[in-house]
Structures are given as C-alpha cells and as structure tokens.
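One chain, chain A, appears in both complexes that follow, with chain B as partner in the first and chain C in the second.
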Partner chain A sequence: MGVKNNFKLIFSYYKLNIKKEWKYKPSFFMQIAMMILNDLFFIIQWYIIFNLVDNIGGYGFNETMLLWAIAAGGFGVSHAFFGGAWNIKDIVYEGKLDVYLTQPKNVLLNVACSATDVSAIGDIFYVYVVLFLINAHWYWFLVIIPVIIMAGLIYVSVYVTFVSLCFYIKRGDAVAKSVEGTMNKAANYPPAIYNFVVRGLFFTLIPTFFYTFIPAQYFFLTPNVWWILISVVVTVLWVVLAFVSFKMGLKKYNSGNLMGGRL
Partner chain B sequence: MNVIEVKNLRKEFITNKRVIKPNGKKYLFKRQKQIKNAVNDISFEVEEGETLAFIGPNGAGKSTTIKMLTGILYPTGGEIKVLGFNPSKERVKLSYQIGSVFGQKEQLWVHLSPYENFKFFGSIYDIEKTKLSERIEELSTIFEIKEYMHQPVKSLSLGQRIKCEIVASLLHNPKMLFFDEPTIGLDPIAKETLRKLIKKINKELGTTIFFTSHDVGDIEEVCKRVIIINNGKIVLDDSMKNLKYHYLNKKIVDVNLKKNVKIKEKDGIKVLKAKDTLYKIEVDMNKTTIDELMSLFSTEDLQDISISSTPLEDIIKDIYRGKDE
Partner chain C sequence: MNKYLNIYATSFKQESKTYANSLTSVVSFVVIIYIFQQLWRFIYGGNGGGTLINGYTINMMIWYMIMAEVLMYSVNARGVTRAFGNDIKSGKIAYQLNKPYNYYMYQVFSQLGEIMWKLVFLVPTGIIMGLVLLGPIQNFSVIYVLPLAISLLLAVVLTAVIYGTVGLLTFWIEEATPFTWIVQKFQMLFGLFFPPEFFPTWLQPIINYSPVYAMMSGPCKLMASFSWDLFLNVSISQIVYVAFFISLGLLIYKLGTKKVNVNGG
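Let's look at the complex of A and B:
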C-alpha cells in the first residue's frame, strides 16, 4: 500500500470521526474548550513555580512553556489522528480486531485511525496559545507543525510498541501506560535535572527527550541540522518499531466471540 | 474451479494453567501448558459458486476455521488457499476479493447512517466515487434499504442492520462471502428475507457463499452442501440432497388407536413414546416398511395416523453426538 493511500486512509477516517462527533455539537465544542482551559491552568502553575525559582535545569519560563507546548501538540496530534491506538488493549482482548483484519488496509494504521479524541484538538489549538504567550518568532508558528507531527508520531509509536504486549500477556497495557505516564511527566523538563542513567533511558527506551527537549532546543532555541536529522531518524525508527511489534503480535492474536458494535 | 483449498489444517490454542499443589492450593508461578486443538487436521475444497454450510456445535471449530480462511487467525499447521491466496501471507490482496458478515460483530458505525458508512467503506476498498455511487444504488435496490439508508444505524432494527452489513460487505463486489451466524437474533420474517437475499446474491451475482449457522432452517434453505465439524474434525461432508436422502430414511409415525395395545418392537421399529392410546413410533425404512408396522395392530383399532420425516435438526443433533450410523 502506497504512502498516498495511507494518507487517504488517515484523512478518510479523520473526516468520518469528526462527522461522528459533530452529531453532538455541544459536546464537541465543550471537549475542545475544556482541554484548552485545563492546559491554561498549567500555565498558571508554571508561572507560580518560576516566581519561586529562576530556572529549572537551565530552562526559564519561556523555554519550559515551549517544552510544554510541544508535549501538548504531540499529545494532541497522536490522540486526534491516531486515537484508536489507545483502544488496542480492548480491541485485542475482546477479539474486535477481526473487522480490521478483513479489510484491505494495514491493520495498525486502520486501528489507530479508527478513533479521534476530540479534546485532543484543544491541545493542538493550545500550542498556538502558548506561542503567542511567549511572544515566539513568526517562523516558530510554521516550524511547530512538523515538530508536533513528529512528537505525535513518537508518542503514539512508543505507546503502540509497548501495548503490543497485550498480544502475549494479560494486562499488557499496564506497561504501556507506565511508559506513557513517565514520558508525559518527564516531557516538561530539560535533561540537566536528571542523572546519567535516567538521561540514557530518556534518550532510548522511553524517548522523552526526542518527544520534547530535542525539538525545543535544536529546532527552535539553538537550531542544529544534525540534531534535526537525528530526530527525524529516531522518529522513523520508532514508527517502524511500532509496526513491527504490532505485526509480530498479530501472529498471537486469538480473536474471540464477544458480541459488540462500533461506536 | 476450486476457490477454497484446505489441506491438513490445524489450529492450536495454548493456555497456561496454574498447577495445583497436593494441599489443593495453587502454585504462585508454576504453570502447566495446555493445548486445545480447535481445528484438528481438516481438509476440504469449495468450488466457485457453491453455497456451503459449515456447521457444528459450539466450540466445534467452525468460527476458528472461518477466521483462518479470512486471514484473521494464523494456522498452526496445514495449507490454505482462498481464491489462490494464502490468507495469512496475502491478507490484503485477499481482502479485496472476499466479504465477510459476522452476526456477532458489526462493522458499521452506529452513530452514522448506512449511507455514510458505505461511503467510508468505498474509501477502505479504494472504490472510485462514481462506481461507488452506482454500486450503492444497485445494492440498496436489491436489498430494499433505501427507505432507511439515511437514518443512523443505531435507530435501525436488527434485521435492517444486518441487511446494511451485507450491503457494506458487497460494495467491492467480492467473489466470496463468508457468513458467520448472520441470522443470530433475527425474527422468523427477517430470517426468511435474509435467506432469500443470500440465495439471490449467489444466483444473480454468482458469489460463492460460505455459511455458518446454528439455525437448520438457514442451512436447509440456503445451502446445497454441508460440512459438519465437531471437536475440530470434519464428521460429514456431503450435499444437502444426499444428507436428506441418507439420513431422512427414518419416519416418525404417530398413531392413535381405539384401545390400548402392546406394540412389539422389532428390527427397524422402535416405540419412542406410548401414552394411553397414543404412540410415537420410529420406523427405519432401510430395515422395514410401514406395512410391517401396520401388521402390529389391527387396522380396525386405528383412529388416526400421521407419518413424517425426522426433522433435519434432529439428524444434525445425532451427527453432532456421533450417532450418524
């Protein structure tokens, strides 16, 4: 299946998911607004913290806000376009993968695109709110687009890689959830606050630094072509790893006979 | 031409069970591997245009077989070719050529209308816009769903929903359709309509039908060939005509006599039930005749008599139980 077909599938699903959510307009707008409001509270929290300390690991308020914006954007892209990835556990355990397996599309892409978390659209809007707030350069508003797409791809790929354990063990999603939690929590801080071992972990097995710090530092603050290239390569590697892990897991899929429909 | 070729197909499910200590408690980590042979060395072929019923009791291995044929499950051993493709290795290519309707699993999004769903399935199967519109028009006429095609799926009755599920699986014009208990939960009228439509798909579109159901009526009306599977093995593979001919040799005779008499059982004649002057007698036509039965009582005592064939359902139940002789 070609790249063009994959993009077509992603956008067909996105259109369908938005159409589904659009049927309940008040809820649609409420979810987006509530997410923006929720994110805005964190700005207040960071503002209070930076009134108490000058910097955290060498990062001031604006730099930390940039990390936070990329994290929110990455989260937003992953949940808005690939929200179905967070249903993998239920889909595998309840034998609901059958429908996807009978369709002529890549199963992981098909599953991942099958759901949209509307509130995640709020996260994407929030990225621009933060950029305005920190008085960002005009070109940051453009560069942020590929950055949050890459962050989103890393975020969903890490989750899929670990949640593929569901094919082998019961509650395999618990590992994925822990990794996701760690990524989220660590995403707002620069590497300077961590020791050598934790830094190593966050550059490799739980690639938090490629999710937020590397793009913030080397796409925006001190642009560096090599780090940009490394980021692209790491993103591609994680995407490939997610597809391979999922495909290997599929061989262990046992299906099931639970009754159910698609919502 | 064969559209399905299955040779020595096997599927094992492995589970790990905690080992029980002599004191009745379970070990914390010690596990024992348990292997269940869901499908155990089965072979069969299906020709193009056939309507095949693949039936068996719960847990017999029919759904597992269907899932291996459609590329959902990987087989443990054996060979499968469906329309020339190996389902586990060429799943995507095969998916363009087959359709599947699982009565227990819906593929339509319930908040959207069938029409919106069909449009989406068009993009899943890479169908051109104009061709898709023509196909929706054609199928919605055949299946008579136009009236409710623009209502949300969640507001449709089960029968209407299943019709739309079938339309969705026919949009890409598949050469084969797999039905896994499509009539489950339907009322008799909806079942009848669906059976007629499935026959129509087979006759008018030439689509090969692979059908599983627990409803004997479905099988009797829709299918010309039956494969019965039990405990993962094929116990019968025959045409519906032969099945009826060979297994419907037993007649059930209900007799009402004027007085109570003792009917002696003999080879081929078995009294199933006797209450007052009413008798239910099974006559094996291969061993005896109705005349022979009539000689066991005086015709002057006869008040009423009716002769019927053993219901196909009972025959299938007997085959499931292994009493096919």
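Let's look at the complex of A and C:
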C-alpha cells in the first residue's frame, strides 16, 4: 500500500511539475529539442574516434553509443522525476525544509519529486534516437525502460547519499558534486580504458559501472541473469542508503523558522 | 575603465571565498583529464610510442587537451548565460539600467573575476597532471610562457563575451540556456575533443576562421606545438573576435533594453 502511494505521489508530482512548465510552451519544447540536439553532438565525437580505431577494449561504435544511451536515460529519469534532489543543498542551508516536514509523506521523496528539469525529458527521448541509430533489436526498446529507471535511481541515490553531508558540514555539496561529476563523465567511456584501482572504485564507492556498463553488458550485449540480479540488488542498496543517510542527516537539521507555503 | 577593473577585482575577491566550489571544479577537472588521457593512450596503442595521428604525437595530443580543459573549466558557460538571464527574467536588470556603467560590460568583467580565480587553481593542476602523466612538452622553452598566457587570457575573455552575448537573448526568449548548450557543443566538438587536423580537409579552413579556433583550438595548438607564426595568427583571430562580439553584445543589449518593462514599485 505504502509503495503504491509513493508511486502515486511520484507521478502526481511529475504531472504537476509538467503542467507548470507547460505554461511556457515554446520554452518547454525548445528545452527538450535542444537537449536532444546537444546529445547528438557526442555521436559525431565517437564517429571520429572510431574512424581512428576499430574498437576500444571490445567496444565499437554501437556498444559505446549504448553506454551513452543508458547514461542519458539514467540522467533523464533522475532529473525528470527527482529533480528536487538537486535542491537539497539550498533547502537545508536556508532552513527551508520545515514545509516538507509538516507534510504526511516521506520527506526525501517529497523533496526529490518537487521539481522537474524539463530538458531531462530530451535525454529520455535521446535514448530511443540512439537505439534507432544503432539498429537495436526490437526487445532492446522494451528492456531499456527498466534499465534507465534503475540507472536513474542509482544516479539520484548516489547524489542524495553524498549531499546529505550538508546536514553536518558547510559546503557539503562539494563532495556530492565531485562524485556526481565523476560518475557522469566516466560512465560514457568504454570500461577497458580504466585501470584496476579505478574499476574497483567504480564498482563500489562511485558506482559508475552499475550505472551504465553492467546494464549495457549484461542486459543487452551478453545477457547474464546473475549480473542482472546483482544490478537490481545494488540499485536497491543505493536507494536504501540514500534514504538512511538523509534520515540520519535530518536529525541534525536546524530550522530557519521560515514561514512558507507550497502552492 | 577603472570602474570595470574594480568590478573585476570585487568579483575575484568574492569568488576567492568559495574555495569549496573551486575544489569541486578541480576534482572534476582531474577526473576528465585522467579519462581523456586513458582514452587517447588506448587510441594511440599502449603507451603511444612515436605514433603520429594527423600530425599529433600522444604527448602533443594530451597537452592540447589539458589546455582545452583548462579553457573549458575556467568559464562556466551556463553560469555566464544564467547571470544575464536571471537578472533579465527577475527584473533585477531594472536596477542596473540607471547605474553609471554599462550592464553588459559590468557582467563581463564580473564573470572575468570568477574566471581568473578558477585559473589560479586550474593552470597549476593542469601543468602538474601533464608533467606527471606525460613529462614536459616536446621542444618547450620558458620564453613561450608569456605568449601562452596572453593567448589563454584572450581566449577566456572571448569565451565570456560570447556566452554573455548568448545570455542577452533572454530579452527575447524565456530561457537562453539551451542555446548555450549548442554553442558549448560546437566548442567541444571542434575545439576540445579534436584539433582541426582531425576533421575533413574541406572543413578545416571553416574551423580555422571560426570563433571556436580563437577561443579553443588556437591556444591549444600553441600549447601542443608552439611557433611564433601560430601565436601571431591566433592572437589576431582572438583580438578580431573579441572586438566583434563585444560590439555585438553592446548592440544586442541596447536593443534588448528597449524591450524592458519597468513596473515600478
């Protein structure tokens, strides 16, 4: 029941946020279209690189594009559905969390769902542009849906886990931004370029490989049920970690005694 | 000019308080240099040896890329666009119109203060990473330091001016940031990722005469393989484009202010 209610909350928020943005239709469509165009530039980058080499550690053009698609989709899902997570720093430092605390829903979910980055919808569309471009199998178009949802959950959970440091220290978001930046950038490149130590880091503390590489490899290229299960478990663990970190941080929260309302 | 230099100095001082942001930027910078270095090593095959790709050794390629990343990270393109955009959208610009300075120039110099502060971190980090990962640049001499610094400064000024001009589009459209993404991608594709020599021969002259060359490829080529002829060529291109985009920005600003509705209050 609780899970069902939370899903309802996520989609209600999403609908509301979209309605709000829909008021400025030209800006709404332009942001989505420009984001797709923005992402398309990277295809040219990889086209040039794969004119220089046939493959990078077994990853050719199509496989690398698949990594990009998953990364864009994960980023898109996280920012479209949980865009408010990126406001946590401001909400905590400015003492504006009170208004969320008084509401009968989970605080983190409430904050995370409260904003939508419209351009992120362009990232989600881009996933399908890439799949068409690489002439993907028909079932990839379906499998990609849970994959980008999981990638999105991992992405937002990692950010929330680290940004919860804001409850304890000044400028706690610096760590979260660094981790997010690393994950975002490293996820788009074939894993073979990384050495042993970095790979260890990308499997654990900064789960870049579970964000793109493991799904690309074991959901699509060489399906493996064990790795799929491990991916699901890792995603759940990161989501739990995000909720726990936020909840622990919440105990340190100081109200700004700011009167506020949410319309 | 003095008032703009004061604006620049104030912005520099203000930015120097946000050391945590600078640190974040440096971490991200180190990560991306590492990724690109690994990628190019792979492309060059193992340690690269003396392999040449389109006239570039791996040493030249990675020093090119370090300079490109310094330029990329020093100017927060979206930040520059938003600085203009937020003032225009929120109406704060109304308070700036009657001040004894030109708002466009005020923002440009304010942004330059931030950029210079970032360069204080990024340049040494880039040099250390290059030396650790690759060793010194081939045939480099100490007398190249000054012209390289001039080229770097002109490049960041040009970049700030261009993104500032894009920000002024907010006078006409709700959100100018998407245009920044596109300009940024041109900058990345034709400047950061690859030197002009990596593109088809018909495209190379277009890149070499474009603003991307002045703001990115030109200074980066100087870093990879310095020559006085190239320095002259890049400097002329940078000065011409800085003058052009400042004039364009001032013109757009003048036209844009006519669209501002001040409701008083």
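What we mean here is this: the second predicted complex is superposed on the first by the 254 of 263 C-alpha atoms of A that agree within 3 Å, B and C clash if a C-alpha of one lies under 4 Å from a C-alpha of the other, contacts with A are read in each partner's own complex, and residues count from 1 in each chain.
Simple rule for what comes next: a residue touches a chain if its C-beta (ideal position, glycine included) is under 8 Å from a C-beta of that chain, and two chains touch if they have at least 3 such contacts.
The structure displayed is predicted, hence computed values, not measured ones.
Trainee: So, A:Y189: does it touch chain B (first), chain C (second), both, or neither?
Mentor: A:Y189 sits against chain C, while chain B stays out of touch.
Trainee: Now for A:P223: first (chain B), second (chain C), both, or neither, which partner does it touch?
Mentor: So A:P223 meets neither chain B nor chain C here.
Trainee: With both complexes superposed on chain A, which partner does A:G200 reach: first (chain B), second (chain C), both or neither?
Mentor: neither
Trainee: When the two structures are overlaid on chain A, which partner does A:P104 contact: first (chain B), second (chain C), both, or neither?
Mentor: Touch status of A:P104: first partner only.
Trainee: Touching A:G57 in the superposition: chain B (first), chain C (second), both, neither?
Mentor: The second partner, chain C, only.
Trainee: Does chain B (first) or chain C (second) touch A:S178, or do both, or does neither?
Mentor: In the superposition, A:S178 touches chain C alone.
Trainee: Considering only the touch criterion stated at the top, classify A:N5 as touching first (chain B), second (chain C), both, or neither.
Mentor: A:N5 contacts chain B only, not chain C.
Trainee: Overlap the chain B and chain C contact sets on chain A and report the shared residues.
Mentor: Touching chain B and chain C on chain A: no residues.
Trainee: Okay, in this complex, where on chain A does chain B touch?
Mentor: These residues of chain A touch chain B: 1, 5, 8-9, 12, 16, 19-20, 23, 95-99, 101-106, 110, 250-251, 253-255, 257-263.
Trainee: Which residues of chain C touch chain A once you look at their complex with the stated criterion?
Mentor: Those residues of chain C that touch chain A are 20-21, 23-24, 27-28, 31-32, 34-35, 38-39, 41-43, 53, 173-175, 177-179, 181-182, 185-186, 188-189, 193-194, 198-199.
Trainee: Please output the residues of chain B touching chain A within their complex, sorted ascending.
Mentor: Against chain A, the touching part of chain B is residues 13, 63-64, 67, 70-74, 91-93, 95-96, 98, 100, 102, 104-112, 116, 120, 123-126, 152.
Trainee: Spell out the residues on chain A that touch chain C in their complex, using ranges where they run on.
Mentor: For this pair, the touching residues of chain A are 24, 26-27, 30-31, 33-35, 37-38, 41, 44-45, 48-49, 52-53, 56-57, 119, 170-171, 174, 177-178, 181-182, 185-186, 189, 192-195, 198.
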